Amino acid sequence: MNFTAVSVAMAPEHLLLAGIVALLVLEIASARSRAALPIAVIFVGAAAVAAALLGASGWTGSPFPGQFVLTPPAAFAKALVLALAVPVLLFSREDFGEGDFYPLLLASLYGVCLLASAQSFLTLFLGIELMSIPVYVLVLLGYRRPESAEAALKYLVLSGTASASFLMGASLLYGSTGSLGLASFGGALASTDLLARTAVVMVVSAFFLKAAIVPFHGWAPDAYEAASVPSTAYMAVLVKAGVLIAAARVFGTAPVAEPLAGLIAILPIASIVWGNLTAMRQPGLRRMIAYSSIAHAGYLFLAFLGDGPGRFQAVVFYLATYGVMNLLAFAALPAHDDDVERDRLENLKGLFHTHPFAALAIGMAMLSLAGIPPFPGFVGKFLIFRNVIAAGYTGWAVIGLVGSYLGIYFYLRLIQFMFMSPAAAKAGHAPSRGVAMGASLLCLAGSVAVAVAPGLLLSRL
Amino acid sequence: MADSTVLSVVLYLPVAGMLAIAALPAGRDGAVRALTLALMVAQFLLSLVLYAHFDPATPGLQAATRLPWIPAWGVSYLIGLDGYNILLVMLTTFLGPLVTAGAFTAVTKQVKLFYAMVLLIQFAMLGTFVAQDLFLFYLFWETMLIPMFLLIGIWGGERRIYATIKFFLYTAFGSILMLAAVIYLAWSLWHTTGTASFAFADLYRARLPLETQQWLLAAFALSFAIKVPMVPLHTWLPDAHVEAPTAGSVILAGVLLKMGTYGFMKLGFPLFPDATRLAVPAISILAVVSIVYGACLALVQTDIKKIIAYSSISHLGYVMLGLASVDLLGIQGAIVQMVSHGLVAAGLFLMVGMIYERCHTRELAAYGGLAKVLPVYSVFFLVLTLASVGLPTTSGFTGEFLVLLGAFNAAWRESAPIPVWVAGLAVSGVVLGALYMLWFAQRFLFGAERVPHGPVPDLDGRERAILVILLAAVFWLGLAPDAAMKRTELAAREYQELVARRAVPAATRLTVAAPTEATR
Amino acid sequence: MDKVQMLQVLAASLFALGLTGVIIRRNVLVMLMCMELMLNGVNLSLVTFAHTMGSAVGAVLVFLIFVVATAEIAIAIPVVLLLVRRKRSLDIETYTDLKG
Amino acid sequence: MGALTLIVVLPLLGFLANGLLGNRLGKGFVTAVGCGLPAIAFAVTVKTVLALHGANWAPISETAYVWTMVGQDSFEVAFWFDRLTAVMALIVTGVGTLIHVYSTGYMHEDKSYARYFAYLNLFLFFMLSLVLGRSLLVLFVGWEGVGLASYLLIGFWFGDVEKAAAGKKAFIANRIGDAGFLLGMFVLYSALGTLDMPRINAAFNGPLVPAASASLVGILLFIGATGKSAQIPLYVWLPDAMAGPTPVSALIHAATMVTAGVYLVARMSGIYLHAPEASSVIAAVGALTALMAATIAIAQDDIKKVLAYSTVSQLGFMFVALGVGAYGVAVFHVYTHAFFKACLFLGAGSVIHAMSGEQDIQKMGGLARKIPVTFATFAVATAAIAGIPPLAGFFSKDEILWYALTSERGGSVLLFAVMAFTALLTAFYMFRLLWLTFFGKPRMGQEIAHHIHESPPSMTVVLAILAVASAVGGFFSIPHFLEPMLPMPVSAESMHHWHYWVLGGSIAIAVAGLAGAAWFFAGDASRAGAVKAAFAGAYRVLSNKYYVDELYAAVIARPLLWISDRVFLRLGDRLLLDGTLNGLAALAQRAAGRLARVQTGSLHKYAFMVLAGMVASLVWMWRHG
Amino acid sequence: MIRDLLANLDTLLLWGFAGCAFVSAALMLVLRQPMRVAMALVSCMVFLGGVYGLLGVHFIAAFQVLIYVGAVMVFMVYAIMLLDPRDESAGTSKYSKLYWPGLVGLTALAEALAVGYWNDLPHALRGAAGEPFDILRFSEAFLSEYWLHFELTSVLLVAAVVAAMAVIRENRRHERG
């Protein structure tokens, strides 16, 4: 075993681990410290830089053969995910000045990073669990409202079911091919025997469950709504990213054929339609974003219809555009004493008059999520549907696009509330503060970069 | 400065303006207005340089800038001027200062955001016209929706929310299908010729089976027809116009509606010539239906803005007829008609805005005999009305006349792509146009004096200046359109050739059947 | 029906029983135990395959599952505690405040 | 700038000067510009005619500029001056100038003096474009432009709703005709690739038969002419057009603009020579119009309305001449008509001026002594229109009757009979007018009677000049002058011996009309009253103009509005299109509500959905791909 | 006879354990008291441990009984003892409204999964017991080939501890008000 290779390849993960340790030490040393946030940001940032450098250097290696592999695209995906975590950390300041938020978040990030490098179901399983377990707690952390625990439990139980399903699939695959390497899944995709197909369905169902694809989506709106804003943002962006990256790793570059293709088209499209329609009637931003994220998971899974080699690129790129704008919306959402009142759409009426920057930022985020150019969301959507059409699934692409059309309304509705209504009488949002503002500016810069030069990111994935 | 640089400056000036406005401290409304106007004027003056330097004898792009953008997909940043867009670019930059100045007194709340949006839409519209890459075009095309959505939604009338959401969703629906078609088209180009490109010039070379062409044309046409708007996809327009603030209406009528016809001319028809030739009878019939239907509806409106809105539907029907004729006269006429409608409808909406500012109602029945009370206003209004009717010496005549002439030429040809009765029926629009516009002018300007919230002052210097400038352009295009039409002639010919060519791959017609079924 | 087949069917049954338990049982703790049952089904499946193929990797995964399952339970129990504090009920049907 | 361009542009300058600056610079300036520039234009026209004469009447052509070039097709703003143009241009500038001068007196008190002259100059500009234009396009520009000027001038006193409405009606009736004109132009262009009139005429007379049917083109162009020249079915606007100031009626709605249709047909005679069907239609429409308008004129009491219907009727005469191929004769009648009708209208203006605005002839009477100059000139013009020899109207009308009977291009006894009867009616109603206005007992109120006075010299001089022209104008034989370019139709051999009978007949008709009117309206007009009472029903129909306006409203206007409102707006736009949209939106909302209710918050349900999803997926996967 | 029986004793025991495991699992759905359900789960796990033992994977059997039953079930039993008395929902039905759909789903899912093995279980696998491996081979593999996962599980456990601590802290905060 080459320790140099291990320490290089796993540098981002190890930096995160170091961060966790540092935070725990800090906690033991002094019960309440404002230093937690800077430490977390520094370590996550360092990990992101390390991943980016690894990717830029073109370092490729597999320190644990068959278990863990690092390629430049994977490194960039990690860098991207870690970079997306920075704004989450920054705007969590309003909600979690101190406490367990940071080590949990770092641990979860560790899992996400692991997923990008996983080469076997074992690693992947541990990555998923490592990512998920802290999130169950993040949902109720802060415990601002009594429903948080309910949401955490729902998430936990259904997530556990997903794990079981995933493992069941892995086991059947193991029985079918004698291997627990991810490559065996690609083989199973082409296989016609029922055991392999059953295995594939169980694995795919697990991903659908974790990514909240209809009809496996029940947990998502409840969990998103009850969690605090940074936790919701983390779930909507990074957990989703982790799941999708994991799915992309599992599918690899193998082409998807019937009948799986039908499954991978129908359920995501159902999610798009369902999510977009249901989001229309939601009273709160988080719940709305939850349904929106169900729809977005649909777009993301449509990317799996595309030809294999472009799949990872499409997924990660879409996650970048989707993530950065979603985070922008959450980062810009002004703080409020009452967590429930904070994101009620009624209270966001006339936000432009009281918080112009926040309203503009949220507005841009909504338009981007709706896939309206020139915002980055459009480029991501374009890429996905381009791949789907190029793979010959024109009909599905058209249906998917029309489904995405249904979503425009509720994004517009929020903009309408913020810009076109008189200010809500008792909104009571606090003025935008420095660190959160910094987070939104960071997201804004990121989204401008992605929109202006999507080629830069694309060519590296 | 090279022309390409000038073009880039013209295109990005509004963006710079937006940033500058954003940087201004709150409450400096006067500075915002002055800054915007200065930028718009500068933009127009610079675009005059482009117009002057535009060589009518050179085919293809001029003042072009090409940069690789997303090489993996063959997307490039390609902008430039050609005969298709030169006049529309000029129209846009010309209307910019007028819109800006026209809103000085009308918009008093959220001034910063307002002018930022005006600048943004200016940018998006110019971008749509100068984009020579389909991806870029689509980007600008959609971007236009956002500022217009806000313009109507924030500064609009009572039912503004309904109107603006209807506008957005209506147009977005077309765009979604167009997006699918754009992707499919670019993929087909790559698939059939191995070229990964979104540049218009390359896309013209795609050789698609007829059936595919028809599907793609349908998708493009839906999007463009909504924007035009062609009957029966027009119901968003009256609502949007009525509820929009003056500046919004002016931009909408002046430039935005031309996007649809421009799209047909630049993309819809030339990209899918075989399908287009089959569709010409249907398109011409729809165009004539738009002419007649729009005019009839204008006849029975009671809201001033709605009359003009429906008249727009009617007038743009001529443009579509001209394009469908695929006759040089018709095409040239269509281009002139686009510009003409841009000027005249913009002027009428500006004038409606001016009276609305004074009297606070758009109900036609509330007005009467303005000619006595507001003589200067009435003169301008009457001249614009007559230009709208298409009286000779005004731009409206040049457009209508050439379009109808072209349509007849097409109807008279051996193959007769346009049925003769359709061309004949189109002429009835001339009568109906006079009918509703004069009926309108009569009720509005003549008869017993009725001025809500009167007495009101006549036009002031700023308003007169705006209208004089506008009318100068109207008469210029009516009396001496040659200089402008010289610049578009090569493009019109190119359009003609593109639509006339056979793009169906003869040999591969059966073998390369593109997958069009829903699933595979 | 040979041995492996039988054990696999049993594994599937345990998995299905576990999932069904989550669906039909109202007691939160019972639901959690049913989740464990699902994992037991997986374990059985893995061990059977590992046994028939003589490869250790399946067993390694089983081992990891033990650890993870323990960890999950360790978190689930305090969460349930939090819940019961408020509503004084283990009936999951009372926890439907989030909906719509 | 060439002379032709100068002729056209001069009035335009007047329009611009008066329109933009008139209000600031005062009446003197307005008068000088308004009358001076048309006078100069007249002078230039005379000079051009002399030049033309010097050049042995070889047409002059002049291109002002190229309007636009599309491919090979060039649309030029070019002017053309030949014998026909010379006649028309002289009438337009000559009579036009006179009426401008007259207007300085008539409109002296009006607040919008400058505006008035601006409009009048604008009219001259367009009328000259129409007459001088070399291509149909330029002609059309003038054609539409005079319609505009007419619209503006009819509605000059726009405060009155009816006057404004009359202007609108005129414009729209004209537009309907213009649509026909446009169609004709399009067909011509599609077939010949040119709108140049000399070339079109040449093409139709050339060896190669053009692709377009001459009759189709002819009828389409004639539709245009019916609009402008107030023929059935589009004549309804002209009587209403009398709402404008009286000089305007004289210039536009009698002397010049309304004859544009005649000019057009004469100008395009190259086509009509090959379009017997179109010619027959023209003759028939002309005859019918002449007769119908004459009958209506008998029952009108408004002095200007009578003149208006007489104009319509006279235009009918001209079209009959055109229909039978006597183009020169038609132009001849245009020429004589310009004098006497202008004189009549201006005389009527003078009467109205004297009567403080009263227009009802039943409230006049006995004015002959009070305003002698007006009376004298009016009488001469009346005699001229009635066809009393040797006044101008006699010559032209006699020739029309002759060709109506004998022309081999459609002359017939029936046509002659109708026209002769109409001529009788003409004489009758004109003398009725004269009698009721100037003779008999005064019937006006005391107040008005007190104010009656002769008009200022600026008006009476003009009247005198026109009266003289009406008297002697007929000695200049226009048909002969035009014959080199507009040859006369061949008279049927068998009819030649009827020549003197027709001549005598037309004199007899005129005299009979005079006598009849004198007999009926002598004294207190009790005989006329008796006839009126005896034929009350017929009288009502006539005085209500055959209810044509009402008919149009019922058949065209109301159905159009009904369809637009009920079918297009309410059913189409609101119910079908918006209804569908709003329905879809509501459907989406309802679906959203339904879907949201699935989310009950019950973990059991979520888990069951997972289970169902798994089972469904597994079953789906049993399909063989 | 007895020799035959003894020869097949392994198989018989396997079937027996499997059956008992199944019955215990099924009982979990039926029993009302959480404690009894826990006991049923324990017995199910123990029977499965027996199965593992019979399959020759002894150390897994040991882990199953020691770690799994030991750790997990202790947690559960602790929770039951702590929480059950506070439960005021006793007396309501033990089943949710989805009882029948759930049972239908159970059959459907079990069958749908079983379809997979019924025909297509590779013949090489059917009943062909390979070389059973012992703790030695497992440990070797675990500590060399799967060393990574060793590290990962420790990270995971750390995370779990932090997470659990966090929840407990929330609990305490909640108690305080």
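For clarity, chains are labelled A, B, C, D and E in written order, and residue numbers in each chain start from 1.
Simple rule for what comes next: a residue touches a chain if its C-beta (ideal position, glycine included) is under 8 Å from a C-beta of that chain, and two chains touch if they have at least 3 such contacts.
Keep in mind that what you see is a predicted model, and the values were worked out from it rather than measured.
**Student:** Using each chain's Cα centroid, which is most distant from the centroid of chain E?
**Tutor:** If we average the C-alpha coordinates per chain, D ends up farthest from chain E.
**Student:** Which chain would you call central, comparing Cα centres to the global Cα centre?
**Tutor:** B
**Student:** With chain centres set to the mean of the C-alpha atoms, which chain is at the far end from chain C?
**Tutor:** D
**Student:** Using the average of all C-alpha atoms in each chain as its centre, how far is it in Å between chain A and chain D?
**Tutor:** 77
**Student:** If you average the CA atoms of chain A and of chain E, how far apart do the two points sit, in angstrom?
**Tutor:** 31
**Student:** Would you kindly tell me how far, in whole Å, the mean C-alpha position of chain D lies from that of chain C?
**Tutor:** 96
**Student:** If you average the CA atoms of chain D and of chain E, how many Å lie between those two points?
**Tutor:** Using C-alpha averages as centres, the distance is 102 Å.
**Student:** Touching at least two other chains at once: which residues of chain C meet that condition?
**Tutor:** Those would be 8, 15, 18-20, 22-24, 26, 31-32, 48-50, 52-53, 55, 57, 60, 64, 68, 71-72, 75, 79-80, 82, 92-93, 95-100.
**Student:** Two or more other chains in contact with one residue: find those residues in chain E.
**Tutor:** 96, 98, 101-102, 105, 109, 112-113, 115, 117-118, 121, 125, 146, 149, 153, 156, 159-160, 163-164, 167, 170, 174
**Student:** Mind giving me all the chain pairs that touch?
**Tutor:** Going through each pair of chains, those in contact are A-B, A-C, A-D, A-E, B-D, C-D, C-E, D-E.
**Student:** Please name which positions on chain C make contact with chain E in the complex.
**Tutor:** Listed in rising order, the residues of chain C that touch chain E are 2-10, 12-21, 23-27, 29-30, 32-34, 36-37, 40, 43-44, 47-57, 59-60, 62-64, 66-75, 77-82, 84-85, 88-94.
**Student:** What residues on chain A touch chain C, complex-wise?
**Tutor:** 120-122, 125-126, 129, 133, 136-137, 140, 143, 146-147, 149-154, 156-157, 160-161, 163-164, 167-168, 170-172, 174-175, 178-180, 221-222, 225-226, 281-283, 287
**Student:** Which residues, counting only chain D, touch chain C once they are in their complex?
**Tutor:** It comes out as residues 596-597, 599-604, 607-608, 610-611.
**Student:** With touch defined as at the start, can you tell me which chain D residues reach chain B in the complex?
**Tutor:** 65-71, 73, 137, 140-141, 144-145, 148, 151, 155, 158-161, 164-165, 167-168, 171-172, 175-176, 178-179, 182-183, 185-187, 189-191, 211, 560-561, 563-565, 568-569, 572-573, 576-578, 581
**Student:** Using the touch definition from the top, list the residues of chain E that touch chain A in their complex.
**Tutor:** For this pair, the touching residues of chain E are 112-113, 115-122, 125, 144-149, 152-153, 155-156, 158-160, 162-167, 169-170, 173-174.
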